[in-house]
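As written, the chains take the letters A, B, C and D, and residue 1 is the first residue of each chain.
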Amino acid sequence: MDFELTSEHLLFRESVASFVKKEHSFNRLRALKDDPWGYSKDVWKKMAELGWMGLIYPEEYGGLGLDFTFVMVLLEEFGRGLLPEPWISTVLLGGNLVLAGGMEAQKEEIIPAIVAGDLFVTAAYLEDGGRYDLNFCATSARQKNGGFSLSGRKIFVLDGCSADRFIVTARTSGATSDTDGLTLFIIPRGASGVEITPLKTMDGRNTCILDLKDVSVSESDIVGKKDSGYPLLADIIDQATTGVCAEMVGGMDASLEMTVRYLSERVQFGKPIGSFQALQHKAADMFIQKELASSVVCYAVASIDEKTEERTLAVSTAKAKCSSAYPEVTKTAIQLFGAMGFTNEADIGFFLKRAKVTEVLFGDADHHLARVAAMKGY
Amino acid sequence: MDFELTSEHLLFRESVASFVKKEHSFNRLRALKDDPWGYSKDVWKKMAELGWMGLIYPEEYGGLGLDFTFVMVLLEEFGRGLLPEPWISTVLLGGNLVLAGGMEAQKEEIIPAIVAGDLFVTAAYLEDGGRYDLNFCATSARQKNGGFSLSGRKIFVLDGCSADRFIVTARTSGATSDTDGLTLFIIPRGASGVEITPLKTMDGRNTCILDLKDVSVSESDIVGKKDSGYPLLADIIDQATTGVCAEMVGGMDASLEMTVRYLSERVQFGKPIGSFQALQHKAADMFIQKELASSVVCYAVASIDEKTEERTLAVSTAKAKCSSAYPEVTKTAIQLFGAMGFTNEADIGFFLKRAKVTEVLFGDADHHLARVAAMKGY
Amino acid sequence: MKVSYSQDEQRFQEEVRKWFGENTPAEIRDQTLGGSTLDPDLQVKWHQTLFEKGWIAPEFPREMGGAGFSETEQFIFNYGYSLSGAPRLKTKGLSLGMLTPLLLQFGTKEQQEHFIPDMISGKTVWCQGFSEPEAGSDLASLKTKASLEGEEFIVNGQKTWISMADYADWMFMLVRTDSSGKKQEGISFLLVDMKSPGITIRAIEALTDHKPFCEVFFDNVRVPKKNLVGKINEGWKIAGTLLEHERLNAFPIGELLYAIETVRKNAEKTRYRGKPLLQDEVFRRKLATLEVDCDSLLYTFFRILSQLKIGAAPGPGASFLKIYGGELYQRVLDLNLEAIGPYAQSWYNIEELGNAVHQATMGWINSRSLTTWGGSSEIQRTIVATRILNLPRK
Amino acid sequence: MKVSYSQDEQRFQEEVRKWFGENTPAEIRDQTLGGSTLDPDLQVKWHQTLFEKGWIAPEFPREMGGAGFSETEQFIFNYGYSLSGAPRLKTKGLSLGMLTPLLLQFGTKEQQEHFIPDMISGKTVWCQGFSEPEAGSDLASLKTKASLEGEEFIVNGQKTWISMADYADWMFMLVRTDSSGKKQEGISFLLVDMKSPGITIRAIEALTDHKPFCEVFFDNVRVPKKNLVGKINEGWKIAGTLLEHERLNAFPIGELLYAIETVRKNAEKTRYRGKPLLQDEVFRRKLATLEVDCDSLLYTFFRILSQLKIGAAPGPGASFLKIYGGELYQRVLDLNLEAIGPYAQSWYNIEELGNAVHQATMGWINSRSLTTWGGSSEIQRTIVATRILNLPRK
């Protein structure tokens, strides 16, 4: 077991960090708060120019073909700065689904466009009443005129307000909670019967409710095999979950760093408050939680890179840990910042909100704990 | 809502406290550790002379007829000193069952003897596989020769090594987990087919495994109604549970007091360790937990005194709180005592062990939380 | 000890339940979980409604405008009030919960007669000027200066974290009147008309995107000498008493009871694998744990409250209620977000989601402040350790 | 990064599993959960068995008597060792885990050659004389005095909390050789033959009713000057390095893994409402929570361990492993008692209950010491805050 990064990974970290520092700031987040997208296409294009959209995609589609550890490095740095650009939804969800399950024509149309920074794709799979279960799907795909007619509602579609394409789960057979019978379809934003209701999250990012009313799609819009969308979706969601875990680790690290700085600078009773034992011990607990999360995320990333049999267990273990650690770390940070932590004038509050959003994104701690128990065989 | 004690209660507290101080010490616990009974009949007789066995029994049977608040006061003081005498098993379990459900002849035979300090009675109801459920009963009572023949095994019978009589649950009808079909029988220690295996608990008190092999009893040995023993038992166990909660509050109070003293006296780095903020805050948390437990036990005691409809909920709320607070408080105490706390030379360890035993006695926190959820209607 | 009600008390309980059910405006109830941002106009309106009913001050005698309730009636009243979803009022907390007992203890007869009736009726709204940018936990380091010139104090300096400063008619504040001795010794307690020339106010935006508190700047503000409470340079002791009242008032009893009910309702509405989430064993256990802690705290609160006489200082006991109450309320609102699952990430109030989601997320953010304002949980634990347990100070 | 095994590594994993399965004596395995009270004779026997197999020191080179394993092999070995239920050995922890790296760094060639081989083979057993009655957390306050007279130190004083002092052949200890300067400056590090005249030992009874540690009294005990490690008065720095090794050794990795397995087995055997307790949703969730925390810690442990070269000091990172490892182990053993329900109150080992119950209760009591010995969790958190996070010291 070895968690050392190569010099390539370390160099990449430096370049991502300096990009984030140059192109991004917390004041940018303040400015984007009421923006319908919550991010900027300019920054996105610059990222694309650096090749980051194709980071893990094969070279034949214009990608760099790098390993998943690069994803970890990239997203940790995004997490440190809270960069809001939709890399997870477009690259890890949308593009990855097409790459893993799509027909050659779909890949050729979509992947290079993503790599170029010209196309936003996302996945739409959550439904009301299903909580975090990917198999829960009441959206129906009925055969009609040689194709399918889709009707149903998806919620919290990640970056859905700005997506050009949606990869949607719909039921071609089976009952609402069956694992079998799910099919993935690509739907363009402008398709007839598609309605988008914006749903901003507390960290200022965009999600949407996606209503489908008799949306017509053809066989050629299917990603993967009919009735067998679940394993494909589950595998890709596992990867995206690991990505968000890396982002959470970066967020914990930045929260801790900001808190330590504040504790060292803020003076009360004639000394820096960071010299008070009770506050020191809370900072120590933040550090411990961050370290634990970081290690287990490394394990999940390496498991994905090596395609081990335990990777799904590793991912759920990582998300369960991050979904409990990140909120704890940021709550403690807010507490240690005192009244100042409760204002929008301090930056630390951004991390509290992002922690809450990422806590539930792709399933909260309890959801993943139940999976861990099942996979551990009890 | 009023939790003030009357001057009678306060006077009684003083007299119990001075008795415990005079007749008992932690060194006495050390001496009794390997004693098969774990307590002394001499002290028991002295308690009887003060009228404490009959504290809540009606005057017609030689009792004092006082309210349940006196039980709280008595047991809080026992809990402060960790007095090991079997007041809860004999008075709150054994005697109370007879008083609440017994025939006049049974009452006349048993209650005055308990009041005089001449008779130890206990209840035997727990079985292997039933965890804390009172209704779980595989012990059978088959009709035989106009009476019954009892066979089965009871575990952790409180003060069973020294009991003269056992009030035993046995199944006269129904399946193992049914609530109906339970009957209570009085069995004398020496009855044929009774086998007692000592089972010392970690606090040095005695319990036993009670094996019954074709033990013959008659109709006149039934306490309460045939097949309807459950509600009677449940009600008396509620009272005993409340009693043990009061003991737990006393134990928390003494643990806190000893810890505060140690923190004030032990010097490291040139000052009392109680001046260090991290240790102060742990002591503060001990105090908070003790106060919360104390209030909810008062509520349960008053609910029993006033026979309110909510009393079973109040009892389970109290036990759930005490079963989490007492172990927490004593674990923190041990931690604050450092290496010294881990020795049998310090007294604080007695509280850790008693906390663990009382935590599970009459059901642990989870058992009572499940009851709370059910009684709150979800 | 006594926990059950007489028939009269049961009737009163029913009356309270009924009145609040009929008279609490929906717009107020909806804001309870996000309580501390309740619109000031709504607060004053609700204050005045309660005053007209005679219920604004359950513990005060009738001749003062209070309800003159017995201790049991107070319990019944407060419990019913809380369960109705009606919020604690800052207008009431500051004026009736904190300043009134203080004026009764330390104020002149003239001050009592001039200020108290308008506080009770809700005619005047007060704010509290204690904290400064460099004097938070270390309150005694405050620097805002008041120099006596003839019959007036001239006040210069800056206060911060002041709720409703941009709405209040009056402020009670701590000022430095002497810098020569120990820092606790030169502090005085003043009542200041917020319309005085020289006062500038800047609202601060909180994590909720609301502006629930302000900075207030004093530039040669003139305050009549008669508005000094107690003696000059003896304000620290008065402030200490007041902070104990504040801690008791800071105990979020109403929010707690209402929040537990809300979690339950949300878990009943939320579907999880074909059943209401409330039937999930794991969720049930979590909720029951919080219910037990809430009940324990509730009984403790009333145990301490019933020992208090009107105007008496609550003592350091109030500290531990504030610590545990704040932390427990945060745990309850954590579970409330857990109940609504993916909706926990939502923020804006869109029709599709209904108000429960916005209320839950907003309330959750708001609850983070409960363990810092009015003295952080860290400061409170030190108070418990040194003043209740008598552990050695540094 | 790398987490999966090559075929060779998988074969080695199987070999380890098989060897421990066949060679770990049942009497040893049964004591693992109550690890720190493992009978010294059994410890030495097991130490020697491992030595003969060549597996006593996985990380040491073969020429020293170690196994010379690669980092991955070390991981595989340690993991397999732990899961087998074989306990950490105090004989190994003190001598190989702490003293050997220290002698390699600070000792003379003569000391290295004289002491290390017997430690590795298990021929000599060591104990550690650091704490004193008035010098626990505040270790630098130690008073046991060593005066140099010619070629010998004369040692007088008292040490306490010493594991196996009544069994060990040698002690490494801290003594005061100068009282004139700062308290950290006059401390030296000595190796003392426990058979030296003037040594008296008193065993102390623990909460487990065993006597796992002793007080040791020194009355004019003569120690040859050549048994001084490092320079005179420079023992504090050496001790600091050694304490970091101790913290890494104090991390209860084996107990944790074995304990989690034990909880699972106990919950499988325990019936609850007609089913194994392990099928109860609430219990499953609790166990899964601990498994996630254990795995997180395990990966962190190996991440830190793999960064260490032999003999290098682990640095302050070892502190946080010890904190979290100890606290987590306590949580696991809490759940282990919860699993066995009413049996959690039992103490004596009666046949009726089987060994699992005694092991569970004894292990639970024993685990309480994990967060105090070798520097309490409070001290460790301060180390993390000031030495890793660089927060200001007082």
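Following the convention adopted for this analysis, a residue touches a chain if its C-beta (ideal position, glycine included) is under 8 Å from a C-beta of that chain, and two chains touch if they have at least 3 such contacts.
In this text, all values refer to a predicted model and were calculated from it rather than measured experimentally.
Trainee: Quick check: more C-beta contact pairs at B-C or at B-D?
Mentor: Higher C-beta contact count between the two pairs: B-C.
Trainee: Would you kindly say which chain has the C-alpha centre located farthest from the C-alpha centre of chain C?
Mentor: For chain C, the chain whose C-alpha mean is farthest off is D.
Trainee: So what's the Cα centroid distance for chain B and chain D, whole Å?
Mentor: Whole-Å distance between the two chain centres: 39.
Trainee: For chain A and chain B, what's the span in angstrom between their mean Cα positions?
Mentor: Centre separation, chain A to chain B: 53 Å.
Trainee: Would you mind listing the residues of chain C that make contact with two or more other chains?
Mentor: 282, 285, 378, 381-382
Trainee: Among the residues of chain A, pick out those that touch two or more other chains and give their numbers.
Mentor: Expected reply: 276-278, 280-281, 366.
Trainee: Okay, in this complex, where on chain B does chain A touch?
Mentor: 276-278, 280-281
Trainee: Which residues of chain D touch chain A in their complex?
Mentor: Residues of chain D touching chain A: 1-4, 71-72, 75, 264, 267-268, 278-279, 284-285, 287-289, 291-293, 295-297, 299-300, 302-303, 306, 320, 323-324, 378, 381-382, 384-386, 388-394.
Trainee: Contact residues on chain A for chain D in the complex?
Mentor: 1-5, 69, 256, 260, 263-264, 271-272, 274-275, 277, 280-281, 283-285, 287-288, 291-296, 298-299, 301-303, 305-306, 308, 317, 320-321, 366, 369-370, 372-373, 376, 378
Trainee: Within the complex, which stretch of chain C touches chain A?
Mentor: Those in contact with chain A are residues 131, 134, 136-138, 141, 160-161, 204-207, 209, 270-274, 277, 282, 330, 337-338, 341-342, 344-348, 350, 352-353, 361, 364-365, 368-369, 371-373, 376-378, 381-382.
Trainee: In their complex, what parts of chain A are in touch with chain C?
Mentor: These residues of chain A touch chain C: 126, 129, 131-133, 155-156, 177, 197-204, 207, 209, 267-270, 273, 276, 278-279, 331, 334-335, 338-339, 341-345, 349, 352-353, 356-357, 359-361, 364, 366.
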